[in-house]
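Each of the next two complexes has chain A plus one more chain, namely chain B in the first and chain C in the second.
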Partner chain A sequence: MIEDIRALARELLEKGAVKCVIGYEVGPTGRVRPAFVYEPGEVERLIFDGRCDQNLVTYLTRRNKPRKKGEEVPTTAVVVKPCDARSLRVLLNEHQVQRDKVYIIGVACHGMQNADGTPELRCTRCDQRVPLLYDALCGEPPEVLAVRDAYEDVQQIEALPLEERLAYWLGELDRCIRCYACRQACPTCFCSVCEAERDDSLWVGIADRIPEKAFFHIIRAFHQAGRCTECNACEAVCPMGIPLSLINRKIAKDVAQMMGGYRAGESEEPTPLVTMLTGEEAIDEIH
Partner chain B sequence: MKFIETRALHEWLDRLAQEMPLIAPTAVGPQEKAPGSRNPAAQGQQVFYREVEGAAQIAWDFTRTALSAREHFMPKTETLFTIETGPDGKAVLHETKLAQPRVFFGIRPCDARGLRVLDAVMLGQEPADVYYAQRRQNTTLVGLACPQMWEDCFCNSVGGAPDAADDVDILLIQVEGGFAVQVVTAKGERLAAGMGLQEVERLELPQPKLNEQFALPTQQQWLASFNDVYWQRVGDRCLSCRICSYVCPTCRCFDVRDETVVTPQGERIVRRVRAWDSCQGVNYRVQAGGANPRANLEQRLRNRFYCKYYYVPIDYAADGCVGCGRCVIACPVNIDIREVLQDLARREPA
Partner chain C sequence: MSGDGFEPRIVAFLCNWCSYAGADTAGVSRLELPPNILPVRVMCSGRVSAEMVLKALLSGADGVLVLGCHIGDCHYGSGNHRTVKRIPLLRRLMTYMGIEPDRLRLDWVSGAEAGHFAKITTEFVEAVRALGPLSLPLREDLDTG
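And now, the complex of A and B:
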């Protein structure tokens, strides 16, 4: 698998088909992190294993803009797991990434692991082993598991009485420091000005109090309806350990119930929930 | 050498908490979490400096707290004043009540050292920031030495030490059966008077295990590297979040805004709010008219390192980084300040 990725990366860089390959590497202290490879001679840095759980699709929106006015958008290759591919599908549907500017190195996924070697919870619920879109596929796909997400974690919270549910969330959100890492790590959170960071405090003030924090997280979740692919990037980066995926998974569960099993990033159409724009705002015109 | 038995220390802390606010390291958050998570913050309870009711709530064997001591001197959010409508229809201004005397127990030497930078900015020039000054004056710092340097700590590379007493009023060093006590300042002496300290002839002080020291870049190396493509390469993986600035003991940028709020009684009031801000935020440097000299992510990231190691030492004659290692651990994409420093230090001087 690693050798396939390296060989492909070397070929793409040597041919000049892409300017940069985004994959994973091991940093000097042994932590796995995103890697950006520009030279064919550096492809040996690339790795892939159960520690590579970051969603690299996040980096594509910013690379889809020219660094300077008039400059051409460079083509980027990116290593994409099946879950990441669904995020990429959403971005393509919403015209945030140009298909011909991205080379998708799909990887057959055996699931990601926690630091202690146990499978990541989200991977135990996942039935996708091959990305739904790719330009090249690396690795042998393992047998498809017949699991379907039952949203047990969401159901547990839903079963709590209202007061307990409220107390739970107020306790969790109290620790939020408004660092916006959840938003920044999220591939489908790409507004150039966030509602929580407006200079005029139109929607949310600057205070680090529960009402402001709750408002930010709820607004973010609503804007993810039908778009969040439950990749867990938000929760994985939270420095306060807040279970942010639960909020987005609640919305995803409701969306699936309302819309006959709809799952974000599986169709080539933008989600009808928050991107139903018509007339001069039709999404095909936004580019 | 002064000494206090563990039990006597606990009893003193219990009494103290009855008399005045006592801030100390304490575990916060739900216990049942994901112990195996790749996100250290999600593994279990995190330790914060928080107000406690007594010794039983104190986390004694912690490494470093999730947030630095800064939040108790420059809170994440504070209301500077409010303006309300008085009974006669005229505007009435209410100033925020100023801080009461309190004890900050268990502060790590690096966190105390970080206050030097905040002091330089908030108190170094007239007019001093009255809110910060009051909190600082009214707080007695009782430091708790680290028995060793923890993973990712680098205080010894930036001029600190795990058992440094330089920036606290009293320093406690754990020894067998209790703590060795160094009373450092007059403020510390006043507090120590009530501690019931014993005088002992000899006390074997442990030698904390240190991490490997590394050399910092020179000023010339910093100057020569400003326009280097290196920052683009580190910036490639930066997410432009604010974790590094918000966990940092020496970051001190803030924003001030007047906001209209509706009180629970339905009354509209104006409050002037001061809250943490970060140079990593997209709009941090936006100027009137919309110009943004740090529009690119790598310019913002570069600023973080130059601020700590070039601007602060020159502008305030203080060390901008105390080597607490929080940003190293908390960065979700492993941007490691130690790696950046060593990369730059390896360069040929221009």
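And now, the complex of A and C:
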């Protein structure tokens, strides 16, 4: 599989079909990190294995903004796992990325692993082995084994009494240091001026205290409603280990339940939160 | 008014074209309305974002009421189609985070439905009164600029 990716990257760069290939490499400390390859001679840096869990689609929105007015957007090839492909579908639906400026190197996914070799929790819930969209596919898709109940942990929180839920979330969100790593890592969080960082603090101040921190996380999650593809990038980069995916996946679960089984990034439909009623919704009763 | 002295503070987002007119009609008709409602006029109930609801709750409101035109009657055609999806979703998220869902209510009031407006506001104030004050840490000195 690695040889396929390298050969394809070399071919694309030599032909001049793309300016840059975004993939994975092993950094100096031995950890896997994103790699930006501009020269055909450098493709040997690229790797792909069970440690490549970053969502590289995040970099595409920034590359889509030319530095100078009128400058052409560079064509980029990107290594995309099935979960990342859903993020990319969302960005294409929202016209944040131009399809003809992206070459999608799809990889058949065997699931990602934690440092100790156990499968990542999110991968045990996933049944996609081949990306939904790609220009070239590398690797052989493995069989889908038993998939774990996707919302087991969300249901555990839902089952707690109300006061305990509030205490749980205040405790978790209080650890936030407002480093905004979750926002930076999120492929669908692409506003050029973030509401949480505005000088005039229109909605939320920049203080490092629980009301502002809770406000930031709730609003950030709500902005991803029907757009979050549960790629877990936010939770993976959180230095304080806040279970952010529990908020995002709660919303994803409710969106699917209320809006006719909608799942972000699986169709060309934008999030139902911005579209008209279709009559298929099962929205909670209005009083 | 009530024995225990707790008077809920309710922020009501009223759409300019139907619900605000409905509230006006209720006033002109001299219907009895609860004094706990702080109306905020918005151009469309579709403008009421999660930020607005949360900021109201964190800044001291005990409940938030969102009123708009009936589905099909929206001045802009389909503004309230967004509201009807957004607010129930937000209610579910609030519940998940540990805030009673009954502190947020969405309903429709047309310009002529003065009686309906009076009924909804009275019902909602009583519902929030029963829930008691919303206690969130540090909410009084929230720095929202």
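We adopt the following convention: the second predicted complex is superposed on the first by the 268 of 287 C-alpha atoms of A that agree within 3 Å, B and C clash if a C-alpha of one lies under 4 Å from a C-alpha of the other, contacts with A are read in each partner's own complex, and residues count from 1 in each chain.
Note that in this section contacts are C-beta pairs under 8 Å (C-beta built on N, C-alpha and C of every residue); 3 or more make two chains touch, one makes a residue touch a chain.
Since the structure is predicted, the reported quantities are computational estimates derived from the model, not experimental observations.
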{"item": "Touched partner set for A:Glu163, first chain B, second chain C, both or neither", "value": "second"}
{"item": "Which of chain B and chain C A:Pro34 touches, first, second, both or neither", "value": "first"}
{"item": "Partner chain(s) touched by A:Val193 [first = chain B, second = chain C, both, neither]", "value": "first"}
{"item": "First, second, both or neither for A:Ala252, with chain B first and chain C second", "value": "neither"}
{"item": "Partner chain in contact with A:Ala207 - chain B first, chain C second, else both or neither", "value": "both"}
{"item": "Touched partner set for A:Leu60, first chain B, second chain C, both or neither", "value": "neither"}
{"item": "Contacts of A:Cys138 with chain B and chain C, given as first, second, both or neither", "value": "neither"}
{"item": "Which superposed partner A:Leu273 touches (first chain B, second chain C, both, neither)", "value": "second"}
{"item": "First (chain B), second (chain C), both or neither touched by A:Ala225", "value": "second"}
{"item": "Touching both chain B and chain C, residues of chain A", "value": "201, 205, 207, 209"}
{"item": "In the complex with chain A, residue positions of chain C that touch it", "value": "50-51, 54-55, 58, 71, 78, 81-82, 84-86, 88-93, 95-100, 105-108, 120, 123, 136-139, 142-145"}
{"item": "In the complex, chain A residues that touch chain C", "value": "157-158, 162-170, 195, 200-205, 207, 209-212, 214-215, 218-219, 221-222, 225, 247, 250-251, 254-255, 258-259, 272-277, 281, 283-284, 286-287"}
{"item": "Residues of chain A defined as touching chain B within the complex", "value": "20, 27-29, 31-36, 51, 53-54, 58-59, 62, 67, 114-118, 121, 171-172, 175, 177-181, 183-185, 192-193, 197, 199, 201, 205-209, 235-241, 243"}
{"item": "Chain A contact footprint on chain B (complex, rising order)", "value": "28-30, 33-39, 41-43, 46, 66-67, 76-77, 152, 233, 236-237, 239-243, 246-247, 255, 257, 259, 261, 273, 275-278, 281-283, 286, 296-297, 330, 332-334, 336, 339"}
